[in-house]
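These notes are about the structure you will find just below.
Chains: A, B, C, D and E, in written order; residue numbering restarts at 1 for each.
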Amino acid sequence: MNFLSEYIYYIGAFSLIFIGLFIVLAKKNLIKVIIGLSIVDTGINLFLITLGYIRGGTAPVFSKPGLKAENMVDPVPQALVLTAIVIGVAVLALALTLAIKLYKHYGTLNLRKIKEQKW
Amino acid sequence: MNLSIILAIAFGGALLTYFSGKISKKARDVLAVLISLVIAVILAFFYNTSSREIFYTGFLDFPLILRIDTFSWFFAFTIAVIGSFSIIFSLSYIRKKGNTDYYYTMMLLVIASMIGIILSGDLVSFYIFWEIMSWSTFLLISYNRGPAIAAGIKYIIMSVTGSVAMLVGIISLYSHYGTVIYTELSGLLYNASSGYTIFIFVLFFIALGIKNAIWPLHVWLPPAHSEAPSPFSAVLSGTLIKIGTYGIILLIYVIVKINVFLNLGEGIVSARYIIAVTGAITILIPTFIALLQDDAKRLLAWSTIAQAGYIILGIAYGTSESVASGMFHFFNHAIFKALLFMVVGAVEYRTNGVRDLNSLGGLIKKMPVTFVGGLIGICGLIGVPLTNGFVSKWLIYKTLIINNSPFLAFAALLGTWGTILYSYKLLHNMFLGQLPEKYEKLERAPFSMQLPIVILSLAIILFGILPGLPLKVINSIESGFGLEPLTINIWGITSDTGTINMLNLFVAVFLIGIMIWLIFKGSKKSAGIGQYDNYAAGTTVPKNKYHYSVDFYGPLHRMISPYLRDFIDDFYMSLARSIKNLGNGIRRIYTGDVGYYAIYIMLFLALLIFIQIKWKLW
Amino acid sequence: MRKLISLILLVIIAGGIVLSLKEIPFGISKIKIGDYYIKKGIEETGATNIVTSVVVSYRGFDTLGEITILFTAAIGLSAVLGTYRKRKAGEKVEPPSFIVKTGCRFLFPILLLVGAYIFIHGHLTPGGGFQGGAIIASAFLLMYLGCEGKRINENTSIVVEVLGALTFIVLGIIGLTIGKDFLFNFLPKGEPNTLLSAGIIPVIYIAIGFKVGSELAGIIDHLIEKNQ
Amino acid sequence: MVNPILLIVIPLGLAFVVPLFRFISKKIEKFIPFFALLANLIISLTLFPHVLEKPIHVSIGGFLPPLGINLVAGPLGILFAMLIALVGFLVSIYAFAYIKEKDQEKYHILYLLLLTGATGVVLTGDIFNLFVFFEILCISSYSLVAYFGDKPGIESAVKYLIQGAVGSSLVLIGIGLLYGQFGTLNMADIASNIHSVHSISVFIPLVLLITGFGVEAAIFPLNAWLPDAHSSAPSSISAILSGIAIEVGLYAIVRVVFTLFGASSILTFLLFLGVITLLIGELCAFNQENIKRMLAYSSIGQIGLIVFALSIGSLSGINGGLFQLVSHTLSKALLFLAAGYMIFRSGSMNISSFEGMGKKMPYTSFAFTIGAFSIVGLPPFIGFPGKFMILKAALFEQDILFTILVFLILLATIIEGAYFFRVVQTIYFKGEKSTPGQEREIAPLSVLIPVFIFVGLIVVIGIYPKLITEILESSASELLNRADYIKNILP
Amino acid sequence: MVMTTILEIIFIILLAGIIGLFFLGLSRKIMARIHWRYGPPITQPLIDIIKLFNQTSMSHGFLFNFGIIFSLAGSVVVLLFLPFGRICPLSDSGGLLVILYLMLIAPLGLALSGGEAANPYTSIGISRKLLLAFGYELPLLLILLTVMTHYNTISIVEIVNKQFQAGWSFQHLSLLLPGIAYILILPAILGFRPFELIQAPQEISSGPMAEYSGKFLALTTIQHAFNIFISISLFTNLFLGGAANPGYFFLKILAVFVIFLFANAVFPRFRIEQAIKYLWRWPSILAFAGLIIVLITGKNF
C-alpha cells in the first residue's frame, strides 16, 4: 500500500496520458482522437502539478499572515500548467475547427477513410 | 598574361554572350566566335611556358590553383581550337533552331569549364570545373528535345554518379595527405598501401571512365552524342570525353606517378593490364556495335567509344611509346571526330535533320566539299597512312607487339578493320550511291560550315605527314612524367625496334600516285555519264531501288547482332527500374492513415527506450 | 492488431517512464528555483500570490508566449473557417427556453463581474488574467445561449484583444527603454497584499484578462456563427 | 548594441497590431511582415559581429538566470535568427502577389507569428520557454497549412496537428521529468547538472525531447506529416516550412542533444538515423509526380543529410551540417517559391504540367534550375560547399563505417539528382516546341525579386563560402563547448 | 644513294607487275587445263590490258577516277615495303604494320570509286568485298601477330634476316600453323575460288567492277596482278625465309602460287556468311593456336 500512496498521483497522471495516447493510436474517429489528445494534455498537467507537490503543503499564496514558506508547494509547475492549459485549449480549438472543415469536405470523420494525401 | 584572365574571358564571355543576344543577334554571333577564338589565341601564347598561380582563396580552406605546363597546354589548346571551330560551325547550324542565346552561352560555358578543368592545379578546382562542365553539358544535350531528353538524363545521372565517386576520392586524398594540390600530392602515394591506392584508383576511374566512356561505363554516350546538336556533338566527342582522358593521365602520371602505377599489382592482375584490357574491350565491342547502326550520329558515337578505347589502352599500357600514342590519338581523334560530326551536321542541316543512313545517298554531287571532309575524316579515323590517325595507331600497335602483348595488339588491329567497315558505310550511305529524288535541289553547305570542315581536313593531312609537330609537344610532356622521350624528327619516329618515316611514304605515295595519274590521263579520255545511266545487266531496276544502303552489311549483321545487344545498358536500365520500384514501395509507408503515423512516433520512442533498457547502449 | 501494437508500444514507453520516475520521489521538497521564488518572491515582485509572480514576472516571457498561442489559435481558427458570414434571415434556430433565457440574462453581468474581480486581484489571491478571462468568455457563451440574436461586436472584440496584447508588449518595451530588461517591473512595488502593489503585474493581468476574455469569446463566436 | 529581445518583440508586436489596420487601410496589412522582418534582418546583422566576439545574454524581467527566462544570442542563435529573418523577409515579398485571398490579414498575422515562434525557439535559453515558442511555431503552421481551406490542405493540417500534438505532449512530459529531477528550467542550469545520460532517468527525457522535436524536424519515422503538409500548404508557406520550420526543429534537437544533455553517445544512433532518413526521403521522391510532394520528400532527405553531418560530432562535421542547413534553407525556399508560381500559372502540381515553362516563364524556370542544381550539390552553387564539407568531415574520421555511410549518402545524392534533373528537363525541353498562343507570362516583380535574391545568395555563397563559414565555425564550437555555454550563463 | 633507291623502286614495280600478270595468265591456263580445256595464252592478261587502254571508257565523276588511282597507288606502295630478294626500298618506314595498313587502301579505293558509280550491283559487291576483307583480316592479323611476336620485331626485313640465320619459319611448329592458315585464307585475299563471290558475274554483274570499262578495267586488272604478287611474296617472306636474290625469290613464289592454285581449284563457291564463318573458324583457330604456342614457348612473357 505504501507504493500506492507513494505513487498514486503519478500513476493517475500517466494513466491518463497513456489512455489518451492509446486513443490517438487506436481510434479512428477524429473527434475521439482529439479527445484523446485532450486527455493526454490533462494527464500532463496533472503530472506537472504532482511534481511540485510537497506533502502537507499549502498553495503558494501569502494571502494571510502566518503562512510558512517551507510548507508551500512549488509554484513553478503551477505556472507551467497554466501555460500548458492554454496551449492545450488552443490546440483543441484549432483541432475542432479543422475537424469541422474536414467533415465538410469528406462527409466523414473516419480517419481510416480520409486518405487522399498519401505516398 | 595571367591564367585567370583566360578563365575570366571564358566564363565572362559566356554570360556576356547571353545578354548581347538580347540586344543584337549579329553581335552575339560575332562575340561568341570572337571569345572562343580569343581563348584559343591566348592559349597559343602559353606554348612551352609553365606557370602556376593561386586564383581564388575564397573556397573554404582550399586555395584554388591554376597552372599551365606543356601537358595542360596541349589539352587546353586542342580543346579551345576544336571549340572555336564548333562555334563557327554553329553559326548557321543553330540559326534555324531558336533559343540561340541559350545555345551559345551553354556552348561557351562548356568550353570554359573544360579549359578550367585542364588548367586547374588542384583537385578541388578540378572538381568544381568538372561539375560545371557536367551540368552545362546536360543542359545542352537535351537541346533538341524529343529523344534527347532521355539522353540528357542518362548522361547527367551517370555523370553525377561518377563525380560523387571522384569527390570521395579527392576528399579521401585530402584527409590522408592534407593537400589536394597536384604538385604536392605527386608521388605521395608511393608510401601508401596498395589497397588504398586501388581504392583511390577505382573512385577516380568511375568518374573519369564515365566521362571517357570506357566500356562498362559508356552507356550515356551513344544517345547523348547522337541526340545533341551536331556542333555540340563535335565538342562532346572531340573534346569533352577527352577530359576523362586528361584526368586519367593526370591521375596515373602526375598524381600517382608512373613507378607506383606500374608496380600496382602483378602480371595479368596489375592495374596496368586491367585498364589496358578494359581499353581493348572498349575498342572491340563498340566497334562491332557501330557496324550495326543506321543512324549516322549514333554510328559516330559508338565509334567515339571505340577510339577512346585506343587512347585508354595507350595511356594505361605505360610504355613511353604507348603513352605517346594515347596522347597523340587523343589529339587526332579530337580533329577527325569533330570533323566527322560536322560533316554529318552539315548534311543534317541541309536535309532538315535527316541522319538516317538508309534514306540518304548520292550527296557527293550536291555537297562535294562536305564529302571531301568526310572522306578525309574517315581516312583519319581508319588511320590510312598519310593521315594523322595512322601514326598514333602505328605507335600503339608497335609498342604492344614489341612488348609481347599480342592480344591487346590484336584487339586494336581488329578494331581498325571494323572501323573501315563502319566508316565506309557512313560515307557510302550518305554521299555515294544514288541521290534520292527529293534531294535534287540540295544546296552546298554554307560557308560557316565549310570553313571548319576544310581547316580540320587540312589539319588531318598536315599532321599525317608531319607527325613530329604534335609529337614534339608530347615528347616534352612525357619527359615531365618521367618517361623516356621518343626519338623523333618532324617526319616520324626512329627507334631500334621500328622506325616510321612519313616523308618516305609521302614521297612514294605522291610520286606513284602522279605516275598512275599520268598513265590514267595519258590513256584515252573517258566520257562522263550521268548518275542514273547505269549498267543493269540488261534488266531495268526501278528507280527507287537503285540505291543499295539498307542493311549494308546485312550478312555480317545477321551473324553478329544476336551477340551484340548492349546488355550493359540493359543492366543500368533495370537498375534504374528497380530503384524506382524500391522508391514506390518505400513510400507506401506513408499510408495516409494518421493512426499509423502516430504509431510510428511511438514506435520510434519505444525502440529507443527498449534499446536502452535492454542493452544499455547509450 | 493495431490496438495490440499500440498497447505493446505504450507499455514499453510506460516502463521507461516508470523507471525514470524513480529519481523523482513524490511529495518531497526538492525544489530549487521554486524555493527561491517562495522566499524572495514578495520581496522582489511585490505580489503575494507567488504563482502570479512566477507567471507574470519571473516567467513573464512565457506568458507573453502563452497569449500569443491563444491569439494564434484564434486567428488560425478564423482563417480556417473562412470569411465572416452573416446569418441569413430564413435560417431557423430553435429558440432557447424561458429558463435558459432568464438564467443567462441574470448570470451574465455577475459572471462579468466575477471575471473582472479575479483578474484584478490576480496578484493577491489565486486567479489571474487567464482565469478571469475564461470566466468572462463563459459569460459571453451564456449570452449566445440565452439571448437570441445578440452577438459580440467583432471590431470591438478585436480592438480589446489587440490593446490587451499591446499593453503587455508596451510595458515590456518600456522596461527595456528605461535601461533595464524587457518586462522589467519598473512601477513601484507598493505594499504587499494591497491592490495597488506589485508594480506592472496587475496591469498586465488586467490586460491579459481583457485579451483572453475577448479572444475566447471571439473563438466561441466563430465556432457558433460559422457553422450553423 | 541592440537588445536581441527585439528580434522577438518587433514581429510579435506588429503581429498583434495587424488587426487594427482594418480600421485604417486594408492595403497596408501585407507590408507589415515585410517591415517587421526587414527590421529583424537588420538587427540580426548588427548583432552579428558582437556575437562572434562573445555570446550575448539577456535576462528578461530583470531576473538573472536561472531565476528568470534568459535569451542566449550566441552565434548559433543569431545564425538561425538571421536565416529566419532573411527567408521570412524574402517570402513576405513573394506573398504580395501570391496571397490574393480577401481575408489576407490573417495570413500575414499567422506568418509573422510563425516566424516569431521560430526566432523565439532559437534565441531562448530556457527549456520551457523554448517549448512555448515551439508551440507558437507549430500552431501557426497548422493554421497556415489549412489556410486555403481546400480539401488537401485541411486533411494535411489535421494530420499534422495530430502528430504535432503528440510530439509536443512528449516534449512536455520530458520537460516535466527534467524539472522533477533538477528543479530548474534553465538550460544551462540543467546542463550543469547532467554529466551523462547513462542513467535511465536522464535518458528518458532525452529521448522524449528528441522524439518530440523530431516530429517537427522530420526525422524518419516521425516525418509522415511533412509531405502532406508541405505539398498542400500555400507555396510561400511550404517554403517557410521547408526552409525554416524543420530547421528550427532540428535546432531544438541539436540544442537538446549537444548543450542540454551533452549526449555524444547517442550520436551514433542519429548518424544512422540521418542516413536512413536521407535514403528514404530520396527514394520516396524519386518517382513522385507531384512537384511539391517531390520537393517535400527532398526536404526529408536533406534533413537526413544534415542530421548525419551534425551527428558526426566533430567540429568540421557540425560545421558542414550547419552549412548544409543554410544551403538547404535557401535552396529549398527558392524551389518552393519558383515552383509555387509555376503551379499558380499552370494550375496543376503535376510535374508534367511544367512542360514548356522554360519558354513561358523563363526567369522563374531559371531560378528553379539554379535551386535544383544547388540542392543536388553542383558547383558553383551553395549546395556544393555544404556537401563537400560534410564529406570531408565524414572521411576525416578515417573509419570504414563512415566510408560506407558516405557511399550511401552519395547514392542518395545520385537519386536526388535523377529526379531533379528530370524536372529541369521537363521545364525546358519537354512539350511542344512552340504552340501558338503561348505567350510569355513573366511572373510579377514581387515574385521575381525574392526569387532572384535567393538565386544571388545561392551563387554568391556558393562561390564564396567563407562569407558564412566564420559564423558557422563559432556556432559549431558553441555547440561543442558545452562547458563554455554553461559558464557564460551561470558565472 | 637516292638514285639506287629510285632504280630499285622502278625495278620492283615493273617486275612485280610482270610477275603478277604472268601469274594471272598462268592461273587461267592452269585452270583451263584442270578443266580439260586448252585455255588462253599466258600473255592474255597483258594483251587485254593494252586493248582496254585503247577502248573508250565511261566515268561517273571525280571520285570514280580518284578511287581507282588511289587503290592502285596503295597496292604499288605496298610493293616497296616487301623485300624482293634482298631489295626493299622502304624498309625503314614502319615495317609490317604499314604493309597491313597499305593493303587496305586497295579495297578502300575501289570501294570509293565503285561508290560513286551508284550502281546497286557495285554497292553489293563492295559490301561483300569489305565483309570478306573483314573476314580474312581476323586470321591474317593473328598470323602476322604470331610472326611478329615470335621474332619480336615489326620489321619484315628483320624477319627475313632472322630466317636466314635460324632457318625458315616453317620449321617452328608455332609458325607452321599460321603458315597453313595463311594458305587457307590466301584465296580469300585474292578473290579466287571459293571466294569469288565479290565479282560473281552471274549474280551481281561483276560487282564493284560493273561500271568499269576501258582503262578502268585495265587498272583494276593491273591491281589484281599486283595483289597476287603481294600476297604471295608476303607469305614467302614471312614463312619461307624470303630469298637472297630476286631470281630465287621468283622461283619460290611461283612454287607457292602453283601449289595454291591446285589446292583451291576444286572448291565450290561460298556465300558471304559461309565465307566469314569459314574464315573465322579454321584459319583463325590455327593462327590462334600458333600465337598461344609462341606465347608459351617465348622467352619474354
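Note that in this section a contact is a pair of C-beta atoms (placed from the backbone, for glycine too) under 8 Å apart; a residue touches a chain by one contact, two chains touch by 3 or more.
As the structure is a prediction and not an experimental result, all values here were calculated from the model.
Novice: Give me the fewest steps it takes to get from subunit B to subunit D if each step has to go to a chain it touches.
Specialist: Tracing touching chains, the least step count from subunit B to subunit D comes to 1.
Novice: Higher C-beta contact count, B-E or A-D?
Specialist: Here the pair linked by more C-beta pairs in contact is B-E.
Novice: Which whole number of Å gives the spacing of the CA centres of subunit C and subunit D?
Specialist: 31
Novice: Could you work out how far the Cα centre of subunit B sits from that of subunit C, in whole Å?
Specialist: 73
Novice: In whole angstrom, how far does the Cα centroid of subunit A sit from the Cα centroid of subunit C?
Specialist: The mean C-alpha positions of subunit A and subunit C differ by 16 Å.
Novice: Report, in whole Å, the distance between the mean C-alpha point of subunit A and the mean C-alpha point of subunit E.
Specialist: Computed from C-alpha means, the inter-chain centre distance equals 100 Å.
Novice: For subunit C, which residues are shared contacts with two or more other chains?
Specialist: 2, 6, 9-10, 13, 16-17, 19, 21, 24, 31, 33-35, 37, 58-59, 62, 65-66, 69, 72-73, 76-77, 80, in rising order.
Novice: Quick check on subunit A: which residues sit in contact with 2+ other chains?
Specialist: In subunit A, 21, 24-26, 33, 51, 74, 76-77, 83, 87, 90-91, 94, 98, 101, 114, 116-119 touch at least two other chains.
Novice: Please list all residues of subunit D that touch 2 or more other chains.
Specialist: As it turns out, subunit D has residues touching two or more other chains at 128, 132, 135, 139, 142-143, 146, 149, 154, 157-159, 162, 166, 173, 180, 183, 185, 200, 203-204, 207, 227, 284.
Novice: Touching pairs of chains, all of them, please.
Specialist: Applying the touch criterion to every chain pair yields A-B, A-C, A-D, B-C, B-D, B-E, C-D.
Novice: In the complex, go through subunit A and note every residue touching subunit B.
Specialist: 21, 24-28, 33, 111-112, 114-119
Novice: Could you pull out which subunit B residues touch subunit E in their complex?
Specialist: 362, 364-365, 368, 371, 375, 382-385, 390, 394, 397-398, 401-402, 404, 406, 409-410, 413-414, 417-418, 420-421, 424, 427-428, 431-435, 492, 497-502, 504-505, 508-509, 512-513, 516-517, 520, 523-524, 526-529, 531-532, 534-537, 541, 545-549, 552-556, 558-559
Novice: What residues of subunit B sit close enough to touch subunit A in their complex?
Specialist: Within the complex, subunit B contacts subunit A at residues 587-588, 590-595, 598-599, 602.
Novice: Under the touch definition given earlier, write down the residues of subunit D that touch subunit A in their complex.
Specialist: 128, 132, 135, 139, 142-143, 146, 149-152, 154-159, 161-162, 165-166, 168-169, 172-173, 175-176, 179-180, 183, 185, 227-228, 231-232, 284
Novice: What does subunit D use to touch subunit B in their complex?
Specialist: 158-159, 162-163, 166-167, 170, 197-198, 200, 203-204, 207-208, 210-211, 214-215, 221-222, 224-225, 227, 263, 265-266, 269, 280, 282-288, 297, 373, 376, 378-380, 384-385, 387-389, 391-392, 395-396, 398, 403, 406-407, 410, 413-415, 417-418, 421-422, 424-425, 428-430, 433-434, 463-466, 469
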